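You will see chain A twice below: alongside chain B first, and alongside chain C after that.
Here is the complex of A and B:
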């Protein structure tokens, strides 16, 4: 075990933790503020620590704190205490483990050795993800059943039926992707998407296989129980669905697990269909060859975007009362922005002047790709939230009709067409 | 009377695909999101404790007040009409004789239990000498104890009519 290996492994595991657990408050915050803005409201913006509001992000921490400190109550009617406690854990753990095989960057080469940039360096990532995506619903089913409550049971049954129907479609849409990529290793798939079709279109999955892409995105919504497929917790019909009887941190785990599952689904969609860590038109070799140009581009673009962002903050981050402590935040945020700029630009200038060598180039390419992946992930998460606050919930029979009568035939036809295409053209 | 044939929608391919409609809806929500993100000051949310509502009209039935005569004494003659009219039975009056010769009676105690009160305005209607009114515009009363919600005569006399009421 060399020092390099250990630091790469630690980096990857920390990355997996960051994009799953640390992103949860960010996602909750995004959900609320985006919902607010879409509905012409403000959303949470009051909560602050010493005046720092971060646009309302502090509210998520306050809510989590509240969930942690509430009484851990279990209704007396619950007979299966063990399963009742276990089910939120299952939801949480399976959602969290799905993140383990997402490649955050292209394979890192240091001193001639190659390191896989995912938390679990295995090459059957897709199977892993399918396994855990299917397992996650056990948490909902067991929780709904163990609650000993009719509404919870209905919610659990709905979740189970929904996931079974959509899992089939999801698997079929993935098969057509497998035919195209010819691998179940997620890293290979993303490397494939670094190519260009006819020299100018990035070979992203959504461009090669638009039908499979749309099917997969729809089924990913259903798998994560998010609107418009969130009938498992249809408040208007079955109170809270499977988590009616849950409170405090048990409910908190369901809640966090749901957001991690959403993040994992977004990460998978990004990896399979939106080029993963690939910057469009700049795959790993291009990046390595033109690293100086990239540095110069960052040195130019970053201060400009920061300036625009700072102006936006100055305009919008205003508290009504003059003397309020929250009004001091804008200054701190702008100082922070300048600090980030200095911290990024100065080393880049130093690298440009003195050169960074082979390993340095590889590491900076990896960091660039990680940033790209995070940006794409956040955009996909935004898409999830955006859809939730646009579309209405399906009725149960509509949901099953859509899965079996519409999506499944399309998926099967798509698999056949892809197969014929690949065989005939011999690609 | 002819038969009206209602056109059936949703039969064309574009409508059956659903996706164009979904994209249309998403465009609408995104335009709202983007406009509000650009300039949050356009949002009409009232940041309540700092910004108070401006649309409370003089007709609004707020917390009661007792009106005064020209010489700044209480107008109420303790006739118990309001307490009799009150459907929630939340007005408690104790009468004493008025010594200064302006009138015969005046209230010694006049308290209203705001937790019981349903703000129906029957007391204002019932009052024969316009001594009780609900034109203060006070809509928010927060106290720490249950007993504090029983407001006494001094508080009721100290309430001012809101601007714009006659």
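Here is the complex of A and C:
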């Protein structure tokens, strides 16, 4: 194994870790702040380390510490101890594994060799994700059953019924996408979305197949047990559902697993319908041909946006008490911003002056695409959170009616029409 | 390396199958069945058949057993409701002993098979592309017949379910 291969593999695995595990505190923070703003309050913003609050992000680390150090309590009524302990692990592991096949960037070419930018370089990524989306529900079901509690059992049964119904619709909406893309390799799908329709519209999945896109987003909400489909833990009816009897880090694993599943669903939606790592109108070839112009654009735009952002911080980030340690935060943040600017702009200037070579061009394209993917992922996660705090929860019968009487016929008709169109147009 | 993985997977499959038969509590049986099916899927992956491996996990481990577990949980069987099995171990041993001659017959049949190369086929053998080409060129009629059979089964299930609710 060459050094390049090892570093690419390590980079991909670290990326998978970052966008799944490291993003969890960020997502929890986003959830609480967005909920706060939607409900016309502020959300957590006081917790700090040496004065640095990062807009409340530090609160997530405090929450995590609390979960880790809580007493690990298991009710005496729980008889199947092994299954009780295993079920949060199942939820966590399956959610984490489904991140493994998401392409973070286009295939990287170094010295004539091509490297797939996925943590697990396989070309049947979509099937892999479907498999682990289906396995994740075992955690909820078994957790609910092993808790030996009526409410938990109800939560587990609800989770199972919901996943069975929505998996069918999810599969059918994916089939119409498979007909369009002609591949189950997620990398091929994203490459397809780098094209332009009629020369000016990006050929994103949501534009080619809006019906399938909406169906898939709805079913992804149901598969991840997010509101409005969170009847498995409907706290107004069945206490906490499947996790009623869980506490401390056992509950923490369920909690983290839920956010990783949300991240994985967002990543899949971005990959299938929103162009994945593609920057709109700038696919990989265009990026490679115009890399110097892009460097110049970054050198100009980054300092300007940083300046506006710093002004905004200075105006808004004020702690009313004089002499409080949190008043020093603004200075730290601005120093950090200037540091980031120097770290990005200086190398770019050096590259512009001395040239970057082919490998350098490829690597910088990959880095740009990774950044794009992360931004899109965060936007999709924001959408998930936005929906949770906007819509109310479905009743159980409404949920099943929606799946079987509305979504399933639409999905079947969509597959049928897509097939006819593809054959008639001969694409 | 491949041999070690195969042996581990095979052991998992065998113990999963045994657990499926031996456990008294139905939910443990279902879980053992999952272990068995996932291990079988792993063996498919070893034999360079990634499509079969994924289908095994999506359909059997993901969908069918979920339905099975759902029904078991829905019935919520208590320990007192389970049947008494006083001579379980003896019955199993006698049954296994009775099957030994049959096993010997199967082993003999294996030994008479002609010699063929027993190595794992290449990477393209079980990929989704070659599998699809084979299925829709060589086996199209059986494939469509099976789908009609499944459709008939589906209609039959709906008819039976409706009958029950109308008659009360």
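Heads up, the rule we're going with is that the second predicted complex is superposed on the first by the 427 of 427 C-alpha atoms of A that agree within 3 Å, B and C clash if a C-alpha of one lies under 4 Å from a C-alpha of the other, contacts with A are read in each partner's own complex, and residues count from 1 in each chain.
What we mean here is this: contacts are C-beta pairs under 8 Å (C-beta built on N, C-alpha and C of every residue); 3 or more make two chains touch, one makes a residue touch a chain.
Note that the structure is predicted; figures quoted are calculated from it, not measured.
J.: In the superposed model built on chain A, check whether chain B and chain C fit or clash.
T.: They fit: once the shared chain is superposed, the two partners occupy separate space.
J.: Thinking of the overlay built on chain A, is A:42 touched by chain B (first), by chain C (second), by both, or by neither?
T.: Once the two structures are laid over each other on A, A:42 reaches chain B alone.
J.: For A:34, is the partner it touches chain B (first), chain C (second), both, or none of the two (neither)?
T.: In the superposition, A:34 contacts chain B only.
J.: Applying the touch criterion given at the start, work out whether A:111 contacts chain B, chain C, both or neither, answering first, second, both or neither.
T.: In the superposed model, A:111 contacts neither chain B nor chain C.
J.: Quick one: classify A:122 as touching chain B (first), chain C (second), both or neither.
T.: Touch partner of A:122: chain C, not chain B.
J.: Examine A:322 and indicate which partner it touches, taking first as chain B and second as chain C; both and neither are also allowed.
T.: The answer is neither, since A:322 touches no partner chain.
J.: Give one of first, second, both or neither to describe whether A:391 is in contact with chain B, with chain C, with both, or with none.
T.: It touches chain B, and chain C stays clear.
J.: Per the contact definition in the header, classify A:71: touching chain B only (first), chain C only (second), both, or neither.
T.: Neither partner.
J.: Of the two partners chain B and chain C, which one touches more residues belonging to chain A?
T.: Of chain B and chain C, the partner in contact with more residues of chain A is C.
J.: With both complexes overlaid on chain A, what's the closest CA-to-CA approach of chain B to chain C, in Å?
T.: Scanning every C-alpha pair, the shortest chain B to chain C distance is 28 Å.
J.: Does any part of chain A touch chain B in one structure and chain C in the other, and if so which residues?
T.: Comparing the two interfaces on chain A, one with chain B and one with chain C, no residues are shared.
J.: Under the definition above, what is the set of chain C residues touching chain A in their complex?
T.: Against chain A, the touching part of chain C is residues 27, 31, 34, 50-51, 54-55, 57-58, 61-63, 66-67, 69-70, 73-74, 76, 127-128.
J.: Which of the residues in chain B come into contact with chain A in the complex?
T.: 19, 22, 25-26, 28-30, 32-33, 36-41, 43-45, 47, 50-51
J.: Touching residues of chain A toward chain B in the complex: what are they?
T.: Chain A residues touching chain B: 34, 36-42, 214, 312, 315-316, 318, 320-321, 386-387, 389-391.
J.: Considering only the defined contacts, which chain A positions touch chain C in the complex?
T.: For chain A paired with chain C, touching residues are 83, 122-124, 127-128, 130-131, 133-135, 137-138, 141-142, 144-145, 153, 156-157, 160-161, 163-164, 167, 184.
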